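Each structure below appears as C-alpha cells.
The same chain A turns up in both complexes below, where it pairs with chain B and then with chain C.
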Partner chain A sequence: MPLYYELYRKGTLGAALTDSLDELIQAGHITPQLAIQVLEQYDKSMSEALSNKVKSKAVIKGNLRTYRFCDDVWTFIIKDPSFKFDHEMATTDKIKIVACNARRPGE
Partner chain B sequence: MSNSIVAAIYRYVIDDVVRNVQADFEGHGVDTSVLEELQRSWEAKIVQSRVASFPGEDVGYDQQGMRMNHMDSYSYNAPEPTINSAASLASIINNPENMAPSAASLASLAQSGRGQLLEDDEEPLSGKLPEDMRHYAHHYRNIPQNDGAADTAVMSSPDDAMEKWKKLRDERRRIAQLDGASDDDDTHANGTSDSAIAAHGSSDDIKVEAPEDAINSDLDDSDEDEGDEDAEEIEHIVLCQYEKVTRSKNKWKCVLRDGIMLLNGRDYLFQKANGDFEW
Partner chain C sequence: MTAIQECAQSAGKDGAYAIIEFLGVFAEELNTTSLASAEQARIVQDVREALPQVLQVLLGVISGLEGSPATDTPEFARRTGRQASWRVRAWRGLQQWLQFGVPGDTLFLPLLEAVLAQLRVLAAYQLRGDSDESEIAAATTAADDMVGNAAMAARFGRSVSETVLAHFAQPWLAQVVEHSDSEGALPWATMVVTFGETYTEYIAAHLDEDHVTAYLRLVVALTQFPGHAGLDEEVSVQPLGLWCLLQEALADSDTKSNFAHSAYADVVRALVAKCAYPPTEVWAAADRDARDQFTAYRREAGDALLGTFYVLRGDMLGALVDSALAASDWRHAEAALFALRSVGEAVPQDENDHLPRLFAPGALTQLQPGLTSLHAAVLSLAGAYAEWLSAHPPLLANVVPRVAAALNEPALVSTAVAALRRLCDNCRAQLGNAVPGLVQLARDSLQTLPSREQQRVLEAVADVILAQSPSTHSTALAPLIMSLLPALQADVARLTPDPDAQAALIDCLRAIEALARGLQFADDIEERALTGDPEATSMLTFAAQCYCDDSLATFRAGLLDALNRVLAVPEGLSDDLLEAMLAAVGASVRRGPHAFAPDFSQVISFVRCTWEACVARAGSDGASVISARWADLCPPLLQSMAQLATVAAPKPWRSDADTDTALGALLARAIGDICTGLAHAAPTLEAAVEQQPVVNERAFDLGARVLLERPGLLIHSEMAAAHLCKLGVHALAVPSRLALRPATNFLGTVVRLAAPSARTSPASPLLQALCSEFAPAWLRATLAGIGGALPRSLLPGLSELLFALVRHHLQPVRVWIAELLRDPSFPSPHASERAKRQFTQQLLATRSFVRAKAVISEFAIQCRNLQGTSYAS
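The block that comes next holds the complex of A and B.
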C-alpha cells in the first residue's frame, strides 16, 4: 500500500474510527494489527476522497501568531481568523493549521 | 457549501474503508459481523458528533444544519440523533446471544444500499462466537502466515502491535480531543501529563509516557507536541497539505489543499484554500 499521510486521523471521522476500533480491541473482537490496517485504509480513503471528490475552496485570513516548520510540516496558529467558503463565512478566536507537504518526497 | 458536502464525503469514506478492509478481516479470521459492528459504531459516533447534517437521521435536521452554518451559536434544537448502533454494539459485547444482526440494523443496511455485506451464505452467529474470536485473537501469534505476502510484517509481535496501537490512539486523543471532556479516565490522565510535558519540557515528566517512548522521548516530543503551547485553548483545527508557503515582510501567503477543518463544532472540507496571514 502506498504511503498516505496519517494526519487526517485527527479529524472527526478518523477519531471516531479510532475509538470504534479501540472498543473492538478492548472487547477482544479484533487484534491491534487489524485495527492498524483499518486506519491505514482510512488514510488512503480519506486522502483520495479529499483530492478527488471535494471541489470547494476556502480563504483563510488572520493574524499569524506562531509558525513552525519541522520535519516538512508547517504549523500555524492564527489569531482571530476569518474563513470564507464558497457560500458562507465563519470566524473563531484561534485556529491551528497543520499542513503536510503536498509533494511527497520522491514525487 | 463546504459543510454540506461533509456528509456525502464521510459516507463515501466509510463505505470505501469498509469495502476495502473486508479482505483484511477475512485474512485475520474475523467474522463479517464484527466489521458491520465497526461500521455501525463508527457511523453512530459521527452522527453524534453533529459535525455535519447527515441525511436520513432526521428530515428537519438538514435544514437546521444548513441554517446554523452561519457561524452563530449552537442554539439549534435538532433532536438527539438516535444511536441504535452504539447501543447494539454494547449489547453485543455484553450479550453474545445478540450477535446476529437485529432486524432494525438489517433494515438500515438494506436501506443504505449496503445489503451486500450480509451475504446469503452467512450463518446467523452462534452465541459462542465471541469466545472463539477471543480465542483466535489470543492465539493469533501462533498462526503461520501461509497466504503469501505478510500483511502484518511491520509488527514483530502482537504485543508490539498493542503498544503501537495505544500510542496511535492516545496521540490522536491528546491532540484532537475536540468534544470537551475526555471519553475515559486513563485518557484524561494521559492528556494532563502530556500538557505538563509540553509546558515544562522536563524529562522527569516524560516518564509518564508509555515505556516504549522513553528511549526517544525527546525526539518524539518535539514531533508530537507541535503547537501544544496553545493546545489548552485550541479546539479549532485545519488538517491539510501545503503547496506553497511564502513570506514577504510580515505577510504570509499559503496555498493549501485537501483540507479538513474542524471549526465551531462543524467540519468543513476544501480542495484548495488560500491563507493570507499577517505576522
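The block that comes next holds the complex of A and C.
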C-alpha cells in the first residue's frame, strides 16, 4: 500500500506534472522509473504541504444530492454550495468532494 | 541477537547515549523507506522482536526526572538522562516508534500507562516553574499520538479510554491548565481534546460516570480559558470541534443525560462570554492578524453554538434572549445577539416562547444606541431570522423600519442591505402592504448608496414586487423607472470615449440590470409552464398581458433607444460598458415574460448592431472588416447570442414570429467573423485557437447551445455550422484543456444529433451532411491526439468524442478507422499492427463508455511506448 494518497495526481497540478513526465520519457530524457519516483515525491510533498502549510478553513453548506461510501472513500456531490472563508464567501452550482481516511503524512 | 537488540542493550552504558538519537532516526527511516518485500518483512520481524527493549530504553531515559538527585555532576546528569535534551530526544524517538506501530495487546497499554504517569511528573514540574518547554511539547505530542490512535481506539477503545480517563480525572491536569498561561496550557489542551475527538462515542455512552464528568468539566474549563481568543490565548479554540462531535454522538445514541444538559449550558455561557469583544483599548492595540484570529474564533464558536442548540433547544433560546435584553454592557448584549444569530437556521418557525419577546416593539430599541457593533448585530439578527419572521408577519412592522433606517448610516449600510435582502427574499409575500415604502426606499438608494449596495436593494425590492399580482407590477415599478430612465438618458447624452466618464452610465445600467433580475420569474415556474402546467401557464400569460402597459412599454423603448445611441459614440465602448449594456438587456430576456423585455426582434437587432459596432462591420466589398478589439469584445456578445438561442422557442404568452431567420443570420455572421478573426490572429488556426481560448470557448458553447435548444436555427445559418465543424478539426489539435473541452462538447453533440437513430428535426439533413463531410477529419485528429500528439490528461475529452462517433456511426467509423490505421506511423510508430487491431476490435465491440475509456487509455499507453511500465499503470 502506498505511503501517501495518489489522488492529488488527478488534479490540475498532478495532471500537468504527468504530462511533462510523459514528454520527458518520450524524448528519452528520463526513464519511467525516475518518473515514478517524481510522482511519489509529488504525493508526499502534496500531503505534507496540505497538512502543514494550509491553515485556512472553510465551512461548506449546500444541498447534499449524492453520497457514496465505498472502499473507505466518501464521495459527496453538493448542489448550490456556499463556501464561507475567513473574509469572503463563494458560491457555485455544484461541487464534488472526494474524502479519504485521514492519515498523517507517511502513515 | 539482532542489531537493534544490541543497540538497545548498549544504551545506558557509559558514553552510549547517542544510541537514543540513533533509535529515533532508525524508526523514522523505517517508516519512510520502501524496500523489497522480502527484505522489508525480515527487518520488520527483527524490529518487532526488539521493540520491548527499545521502549524500555526510551522510557528509562524519559523518566530520568525521577530518581535520586544526589551528586548532580554534569557527568552524572548525562549518564542518568537528567538532561532535558536527552529526554526530549527520547520522547521524539518514542513518537517515531509509535508511528511504526506498537502492538496493542502486549505493549501499547503498559506504554500508555507509563507515558501518562510521566506526564503527571512533568505537570508537577511545570507547576513549580521548573520544566523545559520542548520536553513538555515532545511529551504531550507523543501522548497526543497515543490517545489519537484510531486503530487502538477501534480495537481497545474501552481499555484505553478507561486508562486515560482515570489519569485525566485526577486534579493534576486541571491544575496545570488552570495555573498556566496560554502557551503553557496549549499542549495539554491539545492532548485532552484529541482524546475526546477519538473516543467521542465512549464519552457519549458513559456520560454520567464520574471520570467522564470530570473529563468534560476539564474541557469546559478549556473552553472558557481566560483571555481573548486569537488576541492573547489560543487554548479556548481547541475544544470547539469536540462539542460538535459530542452533540452528534449524543444524537446518534439518543442518550438523555442530565449532566449533558448542564455541561452544554456551561458551554453556552462560556462561549457567549468568550465571543464578547475585548475592551476598546485592547482591541485598538491589537494588530490585524490578531483581530482576524478573533473573528475566525467567533465564527467557529458560532458553529459550536449551533451544535449546543441541538442539545438545549428552547432553554438556550430563552437564556440568550434574556441575556440580550438584560445585558448592562453592550459587549455582552452583542455577544448574546451573535449567539442568537448563529443558531437562527436551526430555530423552528413555530417557536413562540422566546423570540416574540426579542422582536416585540421597543425590545431591540432599548439596547444602547450609537454603538455600531451593536446595531450591526441587531441588523444581522433580523436577517438571520427572516424565515422565522415570515411566519410572524405582525413583527415585520417592528423590524423592517429599523433595517431601512440603518441604510442612512454609512458604517451600517452593508449589514443593513444584507438584512434587507434576506427579509425581502423570505417575506416577499408578507410584505405586500409595504411595497410603496420599499419602492421609495429603493428610489432614495439611487441617490444615497454606493453602486453595489444600490443594486442589492433594487433587486430585493423587485423580488417583493414580483411576488404580488402582475396587475400591480406596473404601478409599483412606475416611480423607479421614472427615476432610472431620465438618469440613463442624461448619462448617455454626456457619454464620451473616455472610460472614466463612462462610470456613471455603467452604474445606471447595472441598477437597471439588478431591478430586472429581481423581476425574473423563477426557473421552475417557467419550466412548468413550458411543459404545459395550466396554473403556471395561466400566471405567465396573465403577466405578459399586464406588461403591455404603456408605462412599461415606454421604458422598454427608452432603454433600447438609449443603448442604440451609445453604439453611435465614435471609438466608443469599453469592455465594462459593453458588458453592462448586454447585461441590462439580457437580464430581461427570458423564456418567461418580463416587465422590461423588449420585443424579441428588437433584441436581435440590438445585438446585431452592437456586433457591427464592436467586432466586425460590413466592408464596401461585402467582406467583414474585423475591429482591432474584436477578441476582447466578442465573448460577451456570443454569450448574449447563446441566451437568445435558448429563449427563442415559441411560447403560449409570446409569439416570436419570423425571428429564426434573423437570429440564424446573426449567428452565421458572428461565427463567420470569428473564423475570419482567428485566421488573421496567428499563422495557423491551431495557434489562433490556443491564443484566444475565451473566444474559442464561447463560439463552441454557442454552437452547442443552438444544437441542443434550437437546432432548427441551423437551417438559417448553415455556414455557421460548417465553420464551427471546420474549426473543430483545428481545435482538436491544440494541447490545451480550455480549447479542447468546448470543441469536443460541440462536436460530440453534432455526432449524436446526426445519428440515424436520433430524433428527426429540420436540421437533421444538414447535420448528417456536416458529419459525413467532417467526421473523418475529426476522427483523424482524435486518434492523433490519443496516439501522442496531445497529453494524456486530455484523453477524457477525446474519449468522449471517439465513443460518440463509434456509438452513433459505427459502420462508417469502422471503415475510416481501418483506413487511418493502415499507415504504419499513425497515430504512433510505437503502436504495432497487433495493438492497432486489438484496439479497433475492442473499441468497435463495446457499448460501454467505461470500457471504451479503458481501451483508449491502454492504446494511448502503447502509442507512447509505456506499456509494461509501472509508471503507466
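To be clear about the criterion, the second predicted complex is superposed on the first by the 100 of 107 C-alpha atoms of A that agree within 3 Å, B and C clash if a C-alpha of one lies under 4 Å from a C-alpha of the other, contacts with A are read in each partner's own complex, and residues count from 1 in each chain.
Just so we're on the same page, a contact is a pair of C-beta atoms (placed from the backbone, for glycine too) under 8 Å apart; a residue touches a chain by one contact, two chains touch by 3 or more.
It should be emphasised that the depicted structure is a prediction, and the values quoted were computed from it without experimental measurement.
For the composite obtained by superposing both complexes on chain A, the positions of chain B and chain C are in clash. Of the two partner chains, both chain B and chain C are touched by A:Thr18.
By the document's definition of touching, both partners, chain B and chain C, reach A:Gln33.
When the shared chain is aligned, chain C comes close enough to touch A:Leu3, but chain B does not. Touching more residues of chain A than its counterpart among chain B and chain C is B. Once the two complexes are laid over each other on the shared chain, residue contacts for A:Cys100 go to chain B alone; chain C is not touched.
In the superposition on chain A, A:Ala90 contacts chain B only, with no contact to chain C.
Overlap of the chain B and chain C interfaces on chain A comprises residues 15-16, 18-19, 21-23, 25, 32-33, 35-36, 39, 57, 59, 86-87. Residue ranges on chain C touching chain A, taken from their complex, read 31-32, 34, 99, 292, 295-296, 299-300, 303, 788, 791-793, 864-866, 869-872.
Of all residues in chain B, those touching chain A in their complex are 1-3, 5, 9-10, 12-14, 16-17, 20-21, 24-25, 28, 30, 34, 37-38, 41-42, 45-46, 49, 51, 69-71, 89, 93, 130, 133-134, 137-138, 140, 151-152, 155, 158, 161-162, 164-165, 168-169, 172-173, 175-176, 178, 183, 222-223, 226-227, 229-230, 233-234, 236-243, 245, 252, 254, 256-264, 267-279.
Residue ranges of chain A in contact with chain B, taken from their complex: 5, 7-25, 27-39, 41-42, 44-51, 53-64, 66-71, 73-78, 83, 85-103.
Chain A contributes residues 3, 15-16, 18-19, 21-23, 25-26, 32-33, 35-36, 39, 57, 59, 84, 86-87, 104, 106-107 to its touches with chain C in the complex.
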